[in-house]
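Structures given as structure tokens follow.
Look for chain A in each of the two complexes below; its partner is chain B in the first and chain C in the second.
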Partner chain A sequence: MLVEIIDVIISGMINGSVYALMAVGLTLIYGVSKAFNFAYGSFYSMGGYVAFMIFGAHINNYILVFCLAAPILFLLGYLIEKALVAPLRKRDDWEIKVMMITLGLALFLDNSYQVIFGARMKSLPTILEGSIELGDFILSYQDIIIFIFSIGGILAFRWFLNNTRTGMSVRAVAQNPAGAQIVGIPKEFVFSATFAISTVMVGMGGILLAQKYFVTPMGGWDILVKSWVITAFGGMGSIKGSLYAAFIVGMLEAFVGWHFGMNWTLIALFAVLLTTLAIRPQGLMGKWG
Partner chain B sequence: MLEVKNATKKFGELTAVNDLSFEVSQGQVFGIAGPNGAGKSTLYNLITGLYPFEGSILFNKKEIRGFAPHAIAKMGISRTFQIPQTFPSLTVEKSIGVGNHFGSQEGYDPSYVDNILEFVSLEDKRDELTGQLNLLDKKMLMIGAALATKPQILMLDEPMAGSNAKEILALMDLIKRINKDMGITIIIIEHFMKVLTELTQKLLIIETGTEICCGDPVEVTNDPRVIECYLGDVNDKN
Partner chain C sequence: MDHKRIAIVLAVIWGVVAILPVFFGSTNLYMHILIMCLIWSVVASCWDLIMGFAGIFSFGQVAFFVIGAYSSAIISAKFGVPPIFAVFAAGVVAGGLGVLVGLPCLKLKGAYIALVTFAVHMILEPVLKGDIGRAIGTGGSRGILTIEPMNIFGYTFLSSEPIPYFYLMLLVAIICSAIILIVIKSHWGTAFLALKDSEDFATCLGVSAFKYKLRVFALTSFLTGLVGGFYAHYVGMLSTRMLGIDLFVTLMVILVIGGVGKFPGAIIGAFITIALNELLSPLGPYRPIILGALVVVLVLLLPDGIIGLIQKILPKKNNGLPIES
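Moving on, here comes the complex of A and B:
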């Protein structure tokens, strides 16, 4: 029993770390632009398919795959933002229009994946075979590496926000777009860069989880829902809130899945979200709007 | 230094700024006044690139219409807002640093940031979060962040709003020092006539986006058209 519980906790921590990486990206976009990106789940699948193509080119080193995938995802995110989202910002009520166009983009991307890669699921090679045995516990190298990469990604993102010029401009625009422009910060570039960075973050999550859960054309919707639950639960726009919420969601999912079965996990997540929002509408860390 | 020529801005049927023209010379303190809704802040938004408009604005003989707000800030036009716009989770020092990082053409200079902190009397609060400052300090900070961009023109939007008599004196002293010690040209929107007559060398009065009169502040405030449209009654003008 104890061994099972510890296994569940470890599983919750590992999933929570990847969810944190992905939810922070969604929170970042919302925090900066106050617009919700419905194509976020499709960018998760995009990460998996980009990695699938890189492996298809006989590049089998995961470090190289990450190094190649990151700039590709950044460029795709940047170009999509410039082509589809940026023109809308000149119009009234552009936040609603962004939601509509990203919903359309999600459907376009998912159907394109289906046509290009087929409906069948694709798998990526395991990052490292083998496991560590600690008494009764068995921990796979794959899970350890997923955890380390996710936490490393979040720490790198935190460092970027606090220590780089672009990171400083992202924080300034998130807190006060008008004030930021007036002191010389190019708001449009910050919007585009934020969109691109979040595409990299969720795409990396897609590559990490594709080893365990495969890549499918419609697989991103589940991630979009979970990322949204985490973002709303943590407090829309609060990065710290998203981090806490991601680990709570990872843990809750693991325990509910273990005790009641995986079919109950989403129901449990929504029950917790609804209860939290009913009591505290601004989410855990108190940001909303 | 700054020439506004036939600037017009319409929001649907409403003409917020109507064929407005004026000139601001280097080193001048130029005042703008008018009743609420006269189009004063809209005019600032045209000059700083926040709104598109018809007409022309020349800064140092160069057309700036169509440039993005951050580009205009980099050229040397900085501004503040009626409600202090700060970055709540950044410290005072970092907030001023943001202005220096992004707005200054010479790039980030920590010693210049220190000078600005001292100039706006916030050196003791450099590590405080800006969200925790009182109103006067927030105003000082906003002016400090604008100064950190090393502007040639500083545009102040109702800096005295919500301030008590002591705070008004402190802000007036700061504005005078910015103009005299730093040599920065100032444009100021203000409702307090005493502030305008004491600080400015030229005063523009507008109503519903249209110029009522422009010239020497004392003469302008005694102009019957201004008294009628803005001051209401001669006895109220102070």
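Moving on, here comes the complex of A and C:
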């Protein structure tokens, strides 16, 4: 019993860490540009497929894969923002139009994956075989690496936001777009760059989770909904809030899945979310506006 | 567009649609497509009322449609209620759930509303497939395979003879569009216009955003559920496949083509989109790709949809309040 509970806690922590990485990416776009990205889940699958293609080219080193995939994802995200989202920003009702266009993009991308790669699940090789055995329970190296990579990614991103000039300009635009523009921060560039960074983050999450859960054309929807729930739960635009919320959601999912069955996880998640929003409409740590 | 113009456009649209069976009546497939057009035109107009006029980013429209379809099928099967009453009961169920969702959700802002309503959509599939669904009689992942066909006072509408059902749906669509027009014309429409122009000022004058939003949410959920019921009794079988993202985006294409907040536009959009969808169906897996690309291109190039395009070409007649923002 106790061993099982510890197992559940560990799997909750590991899933929570990857959710955190992806939710931070989603909350970043919303916090900076107030745009909501429906194609976020498709970018998750995109990460998996990009890695799959790199492996297909007989590059079997994960570090190399990350180094190759990150710029590709960054470039794709940047171009998509410049081509699709940026032109809409000038219109009055751009918020709803951005949701529509990204939803169209999601349908386009998901079905393109299906046509190009086929509907069958694709698997990536495990990052590191083997496991540690501590008494009764087993901890695989793969899980440890997933955890370290996601937390490391978030910490690196935090360092970037707090300590570099570009990161500070991102925060400036998030706080006051007009003011940021007055002091000479290229607003349009910051919007595109944050979109691209969030694409990289979710794509990385896709590569990390693909070793455990496979890559499927429609697999991103689940991730979109979870990241979305986490960002709303933690407060849209609050990175710290998403971090806490991601671990809460990871734990909740693990425990509900263990005790009641996987069918109930989504229902439990929304029950918790709705209760939170009914009491605190801005989420755990969000601010209005 | 002012109300008179909307009414004239509506009359022209429904007049043209009413004589279509003269040309297509001999082929059942075409009639089937036309009935689908009518059904989706109502759903899309309701969504337009929520999103375009009331400014609520609701993404739960398909969910309420599916709720309506399932509840009508279950009510007619379990309690032996004649379909015509079951359909109205389904509307009430959907409307009630709409209020239940709206109560916590409409106090939220922008993207949060989209989240909660879309959450209703996403949660519906595990609920319908899971133990709860099986207990109510949704048939789990198999779906409901036999639904009583619609009959009114002893006359049964069979799917092998679609023309009578077409006229029944036309009647429903006309009534629904009339209700929507009345809502836009009434003080609800004016209230939403005021809220859109300046929410703070309108609230100071005593216009309660929450109250109006909840009413409009309940009304559209009711209408959508009602049409969902009519859909269920027409096709005769239901499964959770309707909750796929495909249908959702089709509905969005309708709105993009018709123009958000340009009321009769959604009806025109429905006819164009559903017909286009059927034309593209031989392309198989490429159809959703084209559909997705179409949304992207249309949002970029046709910001106000077909109605916006027509308004640009035709000279503006400006008397009374401008309805579009």
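Simple rule for what comes next: the second predicted complex is superposed on the first by the 287 of 289 C-alpha atoms of A that agree within 3 Å, B and C clash if a C-alpha of one lies under 4 Å from a C-alpha of the other, contacts with A are read in each partner's own complex, and residues count from 1 in each chain.
Simple rule for what comes next: a residue touches a chain if its C-beta (ideal position, glycine included) is under 8 Å from a C-beta of that chain, and two chains touch if they have at least 3 such contacts.
None of the values given here were measured: they were computed from a predicted structure.
> For A:D93, select first, second, both or neither according to whether it touches chain B, chain C, the two together, or no partner.
second
> Go through the superposed model and pick first if A:F117 touches only chain B, second if only chain C, both, or neither.
After superposition on chain A, A:F117 lies in contact with neither partner.
> State whether A:F270 touches chain B only (first), chain C only (second), both chains, or neither.
Once the two structures are laid over each other on A, A:F270 reaches chain C alone.
> In the overlay, work out which of chain B or chain C sits against more residues of chain A.
Residues of chain A touched, chain B against chain C: more for C.
> Could you say whether A:Y44 touches chain B, chain C, both of them, or neither, answering first, second, both or neither?
neither
> Could you tell me if A:V183 is touching chain B, chain C, both of them or neither one (first, second, both, neither)?
Only chain B; A:V183 stays clear of chain C.
> Does chain B (first) or chain C (second) touch A:Y78, or do both, or does neither?
Once the two structures are laid over each other on A, A:Y78 reaches no partner at all.
> Considering only the touch criterion stated at the top, classify A:R171 as touching first (chain B), second (chain C), both, or neither.
A:R171 contacts chain B only, not chain C.
> Please name which positions on chain B make contact with chain A in the complex.
Result: residues 48, 50, 68-71, 73-74, 78-79, 81, 85-90, 94, 97-99, 101-104, 142, 145-146, 148-149 of chain B touch chain A.
> Residues of chain A touching chain C in their complex?
30, 36, 84, 87-88, 91-93, 95-97, 99-101, 103-112, 114-115, 218, 221, 225, 228-229, 232, 236, 263-264, 266-267, 270, 273-274, 277-278, 281, 288
> Going by the contact rule set out above, which residues of chain A touch chain B in the complex?
The contact residues of chain A facing chain B are 165, 168-169, 171-172, 175-176, 178-188.
> Any idea which chain C residues touch chain A in the complex?
Touching chain A: residues 51, 57, 104-105, 107-112, 114-116, 118-119, 122-123, 126-127, 129-131, 245-246, 248-249, 252-253, 255-256, 260-261, 285-286, 288-289, 291-296, 299-300, 303, 325 of chain C.
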